[in-house]
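Per-chain residue numbering starts at 1, and chain names A, B, C, D, E and F are given in the order in which the chains are listed.
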Amino acid sequence: MKRIGVFVCHCGTNIAATVDVEKVAESARHLPHVVFATTYKFMCADPGQKLIADAIREHALNRVVVAACSPHMHERTFRKAVERAGVNPYLMEVANVREQCSWVHRDKPVGTEKAAALVAAAVAKVARNVPLESGKLPVERRALVVGGGIAGIQAALDIAESGYHVTIVEREQSVGGRMAQLDKTFPTLDCSSCILTPKMVDVGHHPMIEICSYSEIESVEGYVGNFEVTIRRKATSVDPDVCTGCGECWNRCPVKKLPSSFNMDLGHRPAIYVDFPQAIPNVPVIDRANCTYYLRDGKCRVCEKVCPTKAIDFTLEDRLVKERFGAIVMATGFQTASLQQYPEWGLGTYPDVVTGLHFERLVSSTGPTEGKIKRPSDGKEPKSVVFVLCAGSRDEARGRSYCSKACCMYSAKQAILLREKIPQAQAHVFYMDIRTAGKDYEEFYMRAKEEYGVNYIRGRVAKVYPEKDHLVVRGEDTLLGRPVAVEADMVVLAAAIEPRADAAALAQKVGISYNRDHFFSEAHPKLRPVESNTGGVFLAGCCQGPKDIPETVAQASAAAAKVVQMFSKDALVSEAQLASVNEAWCIGCFLCQPVCPYKAIQPKEIEERRGRDKIKRTVSSVNTGLCQGCGACAVACPSGAMRLNGFTDEQILAEVDAVCL
Amino acid sequence: MAEKLVTSEGLFTMVEKLLGRAQVTAPREENGIAVFGPVNSAGQVELDGPLPVIPEKSVVFPQSETLLRMDLGGEVPKVEAVEPEGEQVILGVRPCGLQAFARLDRVFLEGAFVDPQYRRRRDHTLIIALTCPTVKRSCFCRAFGYGPSDGSGADLQLTRLPGGSFHLETLTERGGEFVAEMEKEGIAGLTDAGAEAGSAARAEKARVERLAERSAAAVSTEGVVEGLDGMYDDPYWAQLAERCISCGICTYLCPTCHCFDICEKARGPEAERYRCWDTCLFSNYTLMAGGANPRPTVRERLRNRLYHKLNFFNHRYGEFLCVGCGRCVEHCPTNIDIRKVMAKAAARSRAQGVSVNG
Amino acid sequence: MSEAIKTAAPVEGEPMPAELKTAEIPTRRGPAPGDPEFLGALRDCCRSLLAEGHVQRIIAYRETPDSLRPEVAFFASPEETGDLVWDLFCNTNICKYLLDYRTFEGRIGVVVKGCDARGVVQLINDMQIPRDKVEIIGICCPGQIDPAKVESAAGEAWVSRVVAGPDSVEIVTEEGTEMRVPLESVLTDRCLSCRKPNPPVADVVFGEDQKGRISDEVFEQIAELERMSSAERDAFWNRHFERCIRCFACRNVCPACSCTKCVFDQQEPDWLAGERNQANQHFFQITRAVHVSGRCTGCEECDRVCPVGIPLRLMNKKLWKDVKDLFDSPLPGTKLGVRSPLVMWDPKDADSFE
Amino acid sequence: MKLAYYPGCSLCGTAREYNISTIKVSEKLGIELEEIPDWSCCGATSAHTSSPLLGVALPARNLAIAEEMGLDVAAPCAACYHNLSAARVKMDRDHLLRKRIEEIIDRKYRGKVKVLPLAEVILSRVGLDAVRDSLVHPLAGLKMAAYYGCLMVRPKGIVDFDDPENPTKLDQIMEAAGGEMVDWSHKTECCGASLSLTGTELCVDLVGRILERAAEEGAECIVTACPFCQANLDMRQAEAATKLKTDFRLPVLYFTQLLGIALGLPAGELGLDSHVVDPRPLLREKGLI
Amino acid sequence: MLNLQATIGAGREFTDEINHEAGTDINRCYQCGTCSGGCPLFYAMDIGPRQVMRLLQTGLGEEALRARSIWICATCDTCTVRCPREINVAGVMEALRIQARRRGYRIPAAVRKVRILTDLFLGSVRRSGRIFELGLVQGMKMRTGELLKDVGMGIPMLLKGKLSLRPHRIRGRAEIERIYRKVQEMEGGSR
Amino acid sequence: MPVNESAAAEAEMMTEAEMTTDGASGAGADAGTGTWEPRIVAFCCNWCSYAGADLAGTSRKQYPANIRIVRVPCSGRINPQYILRAFQRGADGVMVAGCHPGDCHYTTGNYYTRRRFSVVQRFLEYVGLHPDRFSGHWISGSEGEKFVQTAREFTEKVRSLGPNEKMRDVL
């Protein structure tokens, strides 16, 4: 026997002023199953909640409708209230008579009529509600950090310091990431590696942190608290347990002239290498695509011969390691745009046109030129360098509409570094707008102009082309309104920051969403900026959007805090309004499967009675840990075997019927 | 009774006149298909077409009809019965349709309970029969002891004459009244039939009877009931059911099938109770509230239908519930043929040596 | 048995590799319908499949006394195949019977035309039956004859048999008279605009690829409807839906309708009421069409079986046209492993929302 | 392979040698060209800069005729290609416009024909392998700068021949013909041809800049597919040189002329005598004629 | 001083018209100057394309109708393909040119020849169906009075058979005439 | 089959019938006055469009009371049959609203909505529903104003069409 109670809130005068609450309550009394209806000034306040609880006891109510503000506001409040009074929290529905009624319709009779209709819909729905139970999910208290740049390092350290085990998966030979490639950092001009290296050492030595470098994520199964991750540990050809990182091998390797990606291909490395001298782990890897041993059937073996600890093992193979984690922090960082779509700027065509990251390596004392700025074409010291801002950013026409955020500042820094290292060189910066939102940033920019005499030209570069032994940079000085050409020895393009090329593919593996630029999407742009839409997966650093180092570090710590918060609970509570399968109706067509964004639907074999026989057949089943309750599966299912609890077809149809009356 | 001659134009005018005072149902053509359905203008009537797909029964037993209206909003619920209204004329009923009406009458009107809805409709329906202009291969009326010119059960009977006019025979008093009324209104082209027209009509009837004769050899009812008596658990039904797709074509097109379901619809405090056709071939037909189904598979459902047509009804009313119109034969998507079932049953009874008379 | 078939028949007991079974180009080919050896070869093929245990059941057609209406038959042993038949009256799309074999513990052979074969592929793609459980015996179909058209051509005479030639058919009546009519005049409506008469996937194929009859008639009718005003379209469909008797034959024959509990049969929720009014007729018709859109193979079996002549293909083909225009997907049933485009998406999809 | 041929006004006048060499080369490569009967002017730049409708209607008439022929259109002239393409795209995008144009030209147009520049025909329908296979005199040792100009490549979406900033298709064809292509920065810089008669001074400046860059990269001649570019770079070369106080002596040839030589067509049939900067001394020096 | 509040309101209609004709939205322009920077003829213009966009944005679009620039623009589309805001800059220049004609603006003397050539060209096509190049050149000379310009170039071209002495007339001339008339009708007889 | 003539003929009758429809009949009749008011059902996804409607409320923006919102978790949860049901029960217009493509709370739900309804929308029009009676919108949680505008415009459109008879099944 369904016994529904209806509670209409005045919300002070917020509702009562334009809705005749008494009339609404009266009309509710005539609805099927309604045995009690009343109004109150503030239903969400303690006395209001008590009123509901009392009525539940007094009238033996087993279902409740509260006509009040938006369910986004107080659905949880009222669910808890009825639960305390012994009614399943999912047997309560909210009729939104404030946001959808009193606040948007001034005419009282009209508002009252609509409020009554909304209450009738809620009553019709609640009559078809069934009790739902939230599940409890165990938590594996180990975290996975994907990416070993400054974001990953920071997140890993914070989690490990709270006493939980962390695994860092890093694609390259060493952790360190982009920050390791930088020379100085703005606005303080302190040395990037000087502040990064100690942190790298910390993660390298931390007892709770395991670094899987030269590794990639192969697949992610499972759900919040219970991820099962397969990590591909690429074959390094070096036994890490034996190697001491003495450097004999890489110093003696006869293949020397391979482009060093750490140096943005401006320098060289051998076939057996570490990314850079301070690499963590300090264990080299063999680049099999270029190693003589692998290219010429086991010839060479120099490294093997010189290795004092016999750490070289050519027979090592890729290993797939399966591990369980409770939480994942995505910190995969960024790359700079290739700018292939901009032939007019000549990146890749003219050697002296480079990107900002290249320039970092050229200024860095650990770089290929040992910190002497030389232009790539002929090694000459440049006397005129043009910095081009927004190179690939803020250009909807060619597919990237966003601002890369860090370029204004790092270009100012690079112009300053140029002027410091080559005082007689002129720095020109072509810009559209200068964005220096950050502590001490504007001051830094002013210093570049005032102290270092950097020439800022407001205009976007239209074309770069070679003439004699220099480049000509053409554009409009929009403040002059005249065409200008700058003769430059080098052009540095502040190439757009974009997610790693495989970010979308990785996101699909992990099951998180990404935006059209392939940056990973946060759950809420303001209120949940470090969580992804998938429970248990958190975001840190440039994989979520362009940002500078302090912001990255802050986000990484925030993500770590979220992980630690999760690990501090005994168990996680799963959503109750999830999909479930009516196995008798399910025919196993699996049309529901591809539409599930969370890969929550799996086949399941069931046994069934058919007449006298027992038959086996395959039906869909929902993993309640993965399901987030969107209901797309329920619509894809042609027979309605898939249902979304809390929003079943019956409930929605009942509402439709009611609002149409 | 009286015999008249009416030209096509005369008939047209008659229908036009009728339209003002009654709901007229007649054969129409829709998208290349002949159907019995309500007509709004005489031009829609198509008497020369084949046997209409939708049978005549819908005139007295509509696919759905409201029985009760309710208002549950007040202190005391209000309930009122809904009675069918108005006069109906059904034009162009074939002899098989007339036979079907007779069967339906037995179901709905005989015995302790007389169905009020059916009674009202039946009483207010004038039936104008039509001698079949041709006989299809799927027709097997002869097996049931009547022929394509048999007008019994109609108020009036039309027979298309070679010249294009119609011979109109008055068969009941009501039919007579109708003709008299028409004559009073002065229908041009409605005249007394001379001897010539009378004999032309008899010749036409004899012609179609001869055409029907062709099926007599192929289909017979002899031994069907008896054969089926012993065949209930025969593997034959499973074989037949293998092919059946369990659609409702045969039952809904059948002029004698008369099963219905009673449903309600509510819109807020107001509600209606109605009945609508149902078919024993649908699994829902016997589905019970708890999920149990006494006829769980097509085998049981198809068998039930065929037994109802060819055996059960005989045991209760002494005649077949099949009238040999051939609609199910012609329209079955998988060519299930009731005539073959009859032959099978007959063969079984012969094999068992059951005496037809015993 | 034709030589080509004999040599290519797999060795008994040897499991067929799965990848072979999904190959879209059949390796075996037999004589074409119309060839004097055709029926013998087809029977031989079916007989040997049963005899050698490659299949435990064959779904095909059997002769009946009414030569215009052969019946669907299920052959369980090689001996039964003697009255297996395939001619131009095998209108029934038999693919749907595979659903009765969902739990059958053996392989099933199906003798299929191009349109039926698409249904088989669709059932496979809808995971109703695994590919390796079905032996697809395909026939490149020269077009099927509508018995009603033959009968109406014969007038009052009863048709005894029909002899089909490449361009015309000879109708022989019971009285022994003969008449010759053009093939096109008696072909079923769906065959008159059939673009894909060849089985897209098959294990054995009889006949060489047929060209099909390329006709835009259906699409022209759709275009004509699209040009009408809303009120005209409303009237058009009201007129047709009005006739619907809800026999559900369209659903029951549809290769894309494989649900065991159809929404129309459900009481909770009460999607479709029994009352016969335009509201319910529309709900039924629209829902049926929308449910199969993206999976409708265009076999037009629904249109064929509809006893009251509702032009269902004008709905199905309209949906197909839009799905194809919008999402550029292949005709359902023409490719293995293809899911409905409606359970997929592309960020660049057309957007009709505001 | 058969195509409807739209030579355009220039190819019947100032660019006769382009026409001749196109026809000869096509014949050699097995491209069958059927001239669009009674074709009319595409309107060049004048039509669309003064009336949007006229700018579509004039080319549309020719498209409609080609559609009646049932053939795709080959248009060697860059301007004609541009205008025909633009009209096609605009009518494709705007159903109403198409209806209006149909009314204006009083012909049916369904948007079925494609418009291809000749270079595209050679590239995608003949194929470079076929070109390589038919070489008689590979253009070995001849350093060329391929100049595309504006109309072939801009704007994207209206024309769809090649990248607007760094096109390479002419380079590919000439490389297949054995030539040595210089990589240079002014492939698509505007030469100002539309201002040739009205703003000659400006035009000379632009021509000078382009030639200067080509010369600096070591080009010995320029190849082009645009009659306006050819005429402009050829005829204004002397003036430009004077202004820049230099002497370029850079012959400006149609790619079909050089391709013709490579395919072994008699030099006399390629209209090599009709240029202001005579290419023959250079070609003789390279042993190509 | 310029009252932007007033100009923006007053010029909106004109801006909308130009947007509509060019099928673009100049309000998207963020004044980066790529168009002007890449324009081969910017150096000869009085107002660069970027400034033209700004004039339109601030409601001063009609000022652009007096600019030489719109006549100097060679419609090479470099600006359009490089514009990061997907503005059809060349299309705007073209639309302005058409507007200037339609509204009968005086064309700056220095660029009047552009208009003369256009008229001659379209006239030639109207009469013959195709272009009569020699006639065009001669017409230019007659209308501009620069009788001796480029003589040195014309004679060799004639000799080389590149300039025919008589116009080629197509058969469908009546059809072309009809097209011109129809267009004129539809565009309100602006020409 | 002659698609055109008879349909057109019946359409004429239809429109006449429509014109003589009693405006005050059925579910759309306004409580007191008896003047006809369109009944509009809006299916809104919980995270964006419903939140957008909430924002319209918190910003006190007025829109017609004809709109009745049915909340669903995601626009991907909106079964096309719900639309039919609403029209059956007397709705004069139905709108569907969800997060902008790419912004779905559930990542991709609205992409299916977009596919499904681009087909369904055309089909409803094809079977004779007036195209202005059904519409789809992308409304984010921050687009309170857009919700209001949409509600106003849609209501006016539907009002101008008069009561819907297509598929209607009311007592």
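Definition applied: a residue touches a chain if its C-beta (ideal position, glycine included) is under 8 Å from a C-beta of that chain, and two chains touch if they have at least 3 such contacts.
Note that the structure is a prediction, hence the values are computed from the model and not measured.
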item	value
For chain A and chain F, chains touching each	B, C
Steps needed, at fewest, to go from chain E to chain F via touching chains	2
Geometric centre: closest chain by C-alpha means	F
Selected pair, greater C-beta contact count between A-B and C-F	C-F
Separation of chain B from chain C, taking each centre as the mean of its C-alpha atoms, in whole Å	32
Distance between chain centroids, defined by C-alpha means - chain A, chain C (Å)	49
Separation of mean Cα positions, chain E and chain A [Å, integer]	50
Distance from chain E to chain B - Cα centre to Cα centre, in angstrom	80
Multi-chain contact sites of chain E, meaning residues that touch two or more partners	43, 82
Multi-chain contact sites of chain B, meaning residues that touch two or more partners	31-32, 265, 267
Interface hub residues of chain C, defined as touching at least two other chains	239, 263, 271, 273, 275, 277, 311, 342-344, 347
Chain pairs in mutual contact under the definition given at the outset	A-B, A-C, A-D, A-E, A-F, B-C, B-F, C-F, D-E
Contact footprint of chain A on chain E as seen in their complex	30-39, 42-43, 47-48, 50-51, 82-86
Contact footprint of chain D on chain E as seen in their complex	21, 40-41, 43-44, 72, 74-78, 80-82, 88, 90, 94, 97-98, 101, 111, 113-114, 116-118, 121-122, 125, 129-131, 133-134, 136-137, 140, 149-150, 153, 156-157, 160-164, 168, 170-172, 175-176, 178-180, 182-183, 186-187, 190-191
Touching residues on chain D, where the partner in the complex is chain A	163, 165-166, 183, 185-186, 213, 216
List of chain C residues in touch with chain B within their complex	64, 66, 69-74, 92, 96-97, 100, 148, 151, 156, 158-159, 174, 239-240, 243, 245-249, 251-253, 265, 273-277, 301, 304-305, 307-311
Contact set on chain F toward chain C in their complex	1, 3-4, 6-8, 10-11, 13-15, 18, 80-81, 84-85, 88, 96, 98, 101-102, 108, 111-112, 114-131, 135-138, 150, 166-169
